[in-house]
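Below are two complexes that have chain A in common, paired first with chain B and then with chain C.
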Partner chain A sequence: MKKLYFFFLSLFLQSLIITTAAGQSPQSLTDSTAFQDFLIKQKEIQGLSVRFLIEKSDFTDSIPGDSIFRFAETSPGLLSSVEITQFGNFPKLLDTLSALDPTWEFLIFSQPSTFIATQEYVANLIRNGDIQELSKEIAPDKDLVLLASNFQYVPFFKYKLPFSSDYKLFIVVAIIAFFLISASVMILFMVIFKAKKNKKEQLMKDYEPLIAEALTAILFEKEIDEIKGLSEAEVLAIFPAGLLSRPLFQSVLIEKIIGLNKKMKGDFKDKLKALYQKLGLDKVSMANLHGKRWDKVATGLVQINEMDLIEALPEVKKHANSPNFHVRTQAIGTLLNLSEKMDLTFLKDQNYPLSSWQQMNYLRIIKFLYPQKELQMLSLFDSENQSVRLFGYKLVRLIGRVDLLENLEKSAINAPDDEKIEIIKTYADLGAYMQADFLNRCLLSENPKLQQAAAQAIGVIGNNESVPIIENLLKSQPDFPMKMILLKSLQKLDSNQFEKFTGIQTDIDTQRIKRHLLDPLLNHV
Partner chain B sequence: MVLSALEMRDHRRKNRFADYQDIITSPIAPGVSILAPAYNEGESIVQNAQSLLSLHYGKFEVILINDGSKDDTLQKLIAAFQLEKTNYAYFSEIETKEVKGVYKSVNSSFSKLTVIDKENGGKADALNAGINLSEMEILACIDVDCILSPESITRMVRPFMEETNRKVIAVGGVIGIANNCDIQDGTVTKYRIPTSLLGRFQVIEYLRAFLMGRMAWSRINGLMLISGAFGFFKRDVVMAVGGYFPKTVGEDMELVVRMRRYMEERKIPYKVGFIPDPLCWTEVPESEEVLSRQRNRWMRGTIETLQLHKEIKMNPKYGVLGTVSYPFWNIFEKAGPLFEITGFIYTIILLIIGDFSAVYFFALLLMMYLLTLMVSSFSILYEQLSYNNYKDKKDLNRLILTILIEPFLVHPKVILWGLKGHIDFITGKGGWGNMIRKGFKKAEDRKNIVTQSQES
Partner chain C sequence: MVPKSLNSLSGYYIYPLLHTHKHCKNPGMKRILIIEDDLLTSSMVQFRLKRDGYETIMVQDGNEGIKAIEEEDIDLIITDVMMPFKSGIEIIHFARKVKPNVPIIVLSALGAEEQIVLEAFNLGVADFVPKPFNPNELAIRVKRALNLMK
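Entry: the complex of A and B
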């Protein structure tokens, strides 16, 4: 230990000399103690090392930590340790060797160096910025606490949370959170929705036998007058208490009654209607007509239609021109079905075009009603709405109203081409031979669609004048599909003339078409 | 998800008021030509044809096109349906490979059936031959091995009949997966999920694509693809645009885009509809080799279609098609695999240069994983709410397990197959590279292009 003190004392003295000599050395190198602290704090300095020296006579076989020092004889009687470059544990190493009374020397790039030279070397490194003084602490000129007290405290929010200051990471985590929350909410919603749906389905299943039992009992045990005469208490007693007021029960009940009504006839139908009204379900159907959702309104219309609730017709009429396609379709269907006075004149004033779907629905109802009442089909011909006019021409054909052909003829005069095509189809289907001249004129039209429709129809209702027109058209080199239609019509109109014509015209297409038309397997194609 | 949910809600509400029995017999309902190309389908062709002939509809014809099969497809049809070669005057309004014969049955029970025998020219060419022969207003283009529900025509025809202000030019349907399911009279009676991971992955993928993707696109009238296995088209529009384009492997998508372009260029209001009801089922490939070929083909088809119609890219003249659907397909469907592989390579580079941030990496990975889970789980729940076909709880659990592992086990393979599609397109596999790169200036340009039959 004495040597250690001597080492630091010598450092101190030497540093005093350096300070005096250099004058500009850093504060930390001014004395040996400061230099020691400096070295210990720095832990390592590039190119600088120290080695321990002991007398050979002091050396024993069991030096503690010899594996670190690895003493070797470098000069007679003197042992040197290896170079130590880590100054952080310097005091500890000295303590280990204290019993051997070691001395040491500095080495710069493995060359022995004096303390002054070593100090100068370190000072240069600091000046050049090659090493930073880890021990350096700039002492304030004034007391910081006193200075701080002169300023009012303002919190600096920006770096309050390091997480939020990294905006990219923040965005990513926010998105993750969003996905997690959305997924959870969605799945939760779905699970609740499904649970509700399952519960609803189960309830509906439970209601069905109750309803079936009650309806069977009433329909088979009570007469219609008895049903009409049921008191409120009796009506409520039909089903278990409280059920009749539940919307789901009402809905199942309505469905059941409508289902039965579709299958039943005569008395049973009347009984079901009376019961429907007695149970107050007609009010439910009427209330549906005022619903905000289109499907609710359409459901009400279907119920009114199925249960023949004539008293609801004024309300139904309000929906006949609804902007919603489904509501409009159901309302018109209901009106046609239920109204005694209702005919097709109201369709004439429809603002919306009629789709094929609507036409299909109306056709079904009209076919059913046609034998029972006058539908004023003719009024459709005068509609401002082209789709309604076209539907009118179609109806003549589909219902077979030959008596309206005369009116159709009048309409055809000024009709646009696409209407003429529909009229021609009607003429052909009804076998209106008297319209052959009209078709002959259409055959010469410049509109290929009209020409094609006329060419197809002329095979059925053409006259003698049609044959030369067809032949002339065939000679004018029409395209293949048109040639096919014309030859087919010619064959139907006059097979002899067809043979004659195809015998003269020997072009490949004509001969192919001829073979096609004469092939019995293709007659229905 | 929101759009598809709204569309599904509306569809189910509308269905409540539709009486499909009417369509079967109504003279107002349009006629339907069912076109089914067949190539080496000898094993099942008779059964498939019988199934098509027994569909519930009044006015329809079935046209089977034997596309130069090397097996006994034609012979089996001739024997089963008492067919004879006719003198049919076939007119190639849309040009096709040579038609060797048109066959009809001498038995009037099969009067709805027509068989075309032609040189092999691929699916699109075969469909074009069928289109030339068809006589009905609506074309139903299907894969002959698909199982169709008896109600399929009535349901698919409805959108064509309903619209008043817009012309419905095409309607797509859902393709269900028939692997491992019980089938009776053309309908799946018992649903089970496939046994293999690839099969289960495709169940989820199909649910995502059909119930979510296409329903949402249908809501905004932005559908660009109708599956080639089950699609209905308005014949006059198909003829006007020149039918299928046989030079692309994505002929189904290409036709829809061209038909839409045609309508947009003429400013005719139109709609491409979609029916989510389960009406058609098919067996999906469960082998990696077949699935990789399929995905490669799909990718090339997508690239080719987008390339052919690059004119519409971000072009407001084409409305939703040009400004929404096209960019979406370009970025997410076409370039998706490229983005993903770029991300992978970038991560590797970051790891090598030591600039890798584990926090960001795992945060982003988690984000994408959660998104996948969210979308996939929604599609399953959506199916459960709408149709509830997979009733067995074990099936559901296995589907959920598939959702969890699919992003790690199957998705990387799908990406690689997609990349292979890109490479095959660049290297000109298929031989139509230059022409496809040039693209169509107008929808009707297809009619002016010399196709296979003239070149061969």
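Entry: the complex of A and C
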């Protein structure tokens, strides 16, 4: 049974191999004619040869013995040619032997082989890649160049210019061109801008000695009345014709006159101001106030301020509430400087908060001018702008307006804590003893900052009622800084009560503060 | 463009070449060196001093000032404090070494700064004129300093 099984299995496998091999054979190997054509095309196949066989009786003298075939009698009555390996000559050889009706025999490595075995051998070589099946198309007889000449040239690109049909190349070229053009334009602008700037600087340099010469001569040789009395023709004759109307010359002239005005004193200052107006530069400054750019407006304000152009004050006032910080600062500074009376009503209506820098700036001007000019500042307390009210309280303190303490008292009633702190500082600085009750009330405030400010002030302007309040606060164990302020104020108010209180209170902080306050070297620290 | 007539005036106030004055001092005139970076201010000073019969040399920075002190025959120096390249204090230091007998008047906007004034006087300046100033007042101080030198 087992033997039978193996027998059928071997049969099946053999048939499978044969079927597979036959199935894989190329079309060119299927029949003898196709195989013959295949051999002719291949010209040569390794290990494969063919020889012609003819009957001895058919052999004629037309085929010489030493011909290419060199027939020899290999078996009785049968002549065999030599092995032919060059299959390309087949058609020619067959023609030669056509009269003899030869048969042929395949030889694989010089061993006779059947047609099927030869087919299998060739198929195997093809399968393994040892030979490649050649066709007319890939193995032309003629030269490739000659073949190519048969085809008319058609350009790969659609348009005449290669890059216009290649969009990627076109984009790259366009980008590079864009950058080159941009760079060229920028360089051109820079060169033009630089040339203009250089020209301007050179002109300014050239104007400088001319201005110096003219101004010096006028300031030393003419009195102020003479300057004021200069006719238009005389004014125009000061500088070369047409120069005075040039904006650049005007700006250099203004700059120089203002610069000199800062450095000169006495009648030279007055002469410069008169000359400024006589030359029509005040109109330039006024025109600047109507400029669209804030820096131009600010420059105009500075010019008006420096040259005391009082007639421009109504225009300046329009800028006092400007949304631009620099413009309104400069405008208010100019108004303070030039106004006959320093009426601060315009500050009352300020929409924008006054910065510390602005307050310091205005204070500097007010302090400088206050003794000579009347100062009207009551309106500041009624401003809706808290920073203006705070500035008003500070102003009372810093310029010592004791006469306004009564107004401060009214403002303090409904003032928020921030303002109360400022008012308390003013009371303390001006020694407003009548405000001790207000301070006592503030001392009981829940706002630690207000409490602290009141505690500090109470040491200066407190009364007898302040002492028990301070003691009660100290007993409630406040933080160390507050304790320090309270004890200091208590010592200033009533030194006996201070001794008594610190004698009873034995906590470390109180004793440390006491030692500090009683130390002759440290008590001012 | 600046008119040609203007260009011809441009060198009027600044003596362009110091050495041209080196050998041409008028024997009867006192020569004053003005070291001031602001052309207009120095022109004012120069104009006023020329009126009083002084010969003046104007320079606009510290380096030129040092060079002028070294090379020129001068009787008095008027100098600013804040200037390009070298400050007035450095110029005073140099002048004290090279020409200890030449009086110096300091003309400066830093007059309010006590430290600068004290330093200048410690270095031996004859006078300190704070800006803003009156050129007529300066002329009187120049005269006094030159008289004191005698």
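In this section, the second predicted complex is superposed on the first by the 281 of 525 C-alpha atoms of A that agree within 3 Å, B and C clash if a C-alpha of one lies under 4 Å from a C-alpha of the other, contacts with A are read in each partner's own complex, and residues count from 1 in each chain.
In the analysis below, contacts are C-beta pairs under 8 Å (C-beta built on N, C-alpha and C of every residue); 3 or more make two chains touch, one makes a residue touch a chain.
Note that the structure is a prediction, hence the values are computed from the model and not measured.
Asker: More residues of chain A in touch with chain C or with chain B?
Answerer: Tallying touched residues of chain A, the top partner is B.
Asker: Is A:195 touching anything from chain B or chain C once the two structures are fitted on A? First, second, both or neither.
Answerer: A:195 contacts neither chain B nor chain C.
Asker: Tell me the contact category for A:68 with respect to chain B and chain C: first, second, both or neither.
Answerer: In the superposition, A:68 contacts neither chain B nor chain C.
Asker: Identify the partner contact of A:359: answer first if only chain B is touched, second if only chain C is, both if each is, neither if none is.
Answerer: first
Asker: Looking at A:183, would you say it contacts chain B, chain C, both, or neither? Reply first, second, both or neither.
Answerer: first
Asker: Just to be sure I read the superposition right, which of the two partners does A:78 touch: chain B = first, chain C = second, or both, or neither?
Answerer: So A:78 meets neither chain B nor chain C here.
Asker: Contacts for A:402 in the overlay, against chain B (first) and chain C (second): which applies, first, second, both or neither?
Answerer: A:402 contacts neither chain B nor chain C.
Asker: Which partner chains sit in contact with A:521 here, chain B, chain C, both or neither? Use first/second/both/neither.
Answerer: first
Asker: Scan A:394 for contacts with chain B and chain C and give back first, second, both or neither.
Answerer: In the superposition, A:394 contacts chain B only.
Asker: State whether A:147 touches chain B only (first), chain C only (second), both chains, or neither.
Answerer: It touches nothing on chain B or chain C.
Asker: Residues of chain A touching chain B in their complex?
Answerer: Residues of chain A touching chain B: 168-169, 172-173, 175-176, 179-180, 182-183, 186-187, 190-191, 193-194, 197, 294-295, 298-299, 302, 325-326, 329-330, 352-357, 359-361, 363-364, 387, 394, 398, 480-481, 484, 509, 512-513, 515-516, 518-519, 521-522, 524-525.
Asker: Using the touch definition from the top, list the residues of chain B that touch chain A in their complex.
Answerer: 1, 13-14, 16-17, 19, 22-23, 26-30, 84, 86-89, 91, 93, 104, 106, 111, 114, 135, 158, 160-165, 359-360, 363-364, 366-367, 370-371, 373-374, 377-378, 381-382, 384-385
Asker: Applying the document's contact rule, which stretches of chain C touch chain A when the two form their complex?
Answerer: By the definition above, chain C touches chain A via 1-3, 5-7, 9-14, 38-41, 43-44, 46-48, 51, 109, 131-137.
Asker: Enumerate the contact residues on chain A facing chain C in the complex.
Answerer: Within the complex, chain A contacts chain C at residues 203, 205-213, 215-217, 219-220, 240, 243, 256, 259-260, 262-266, 268-269.
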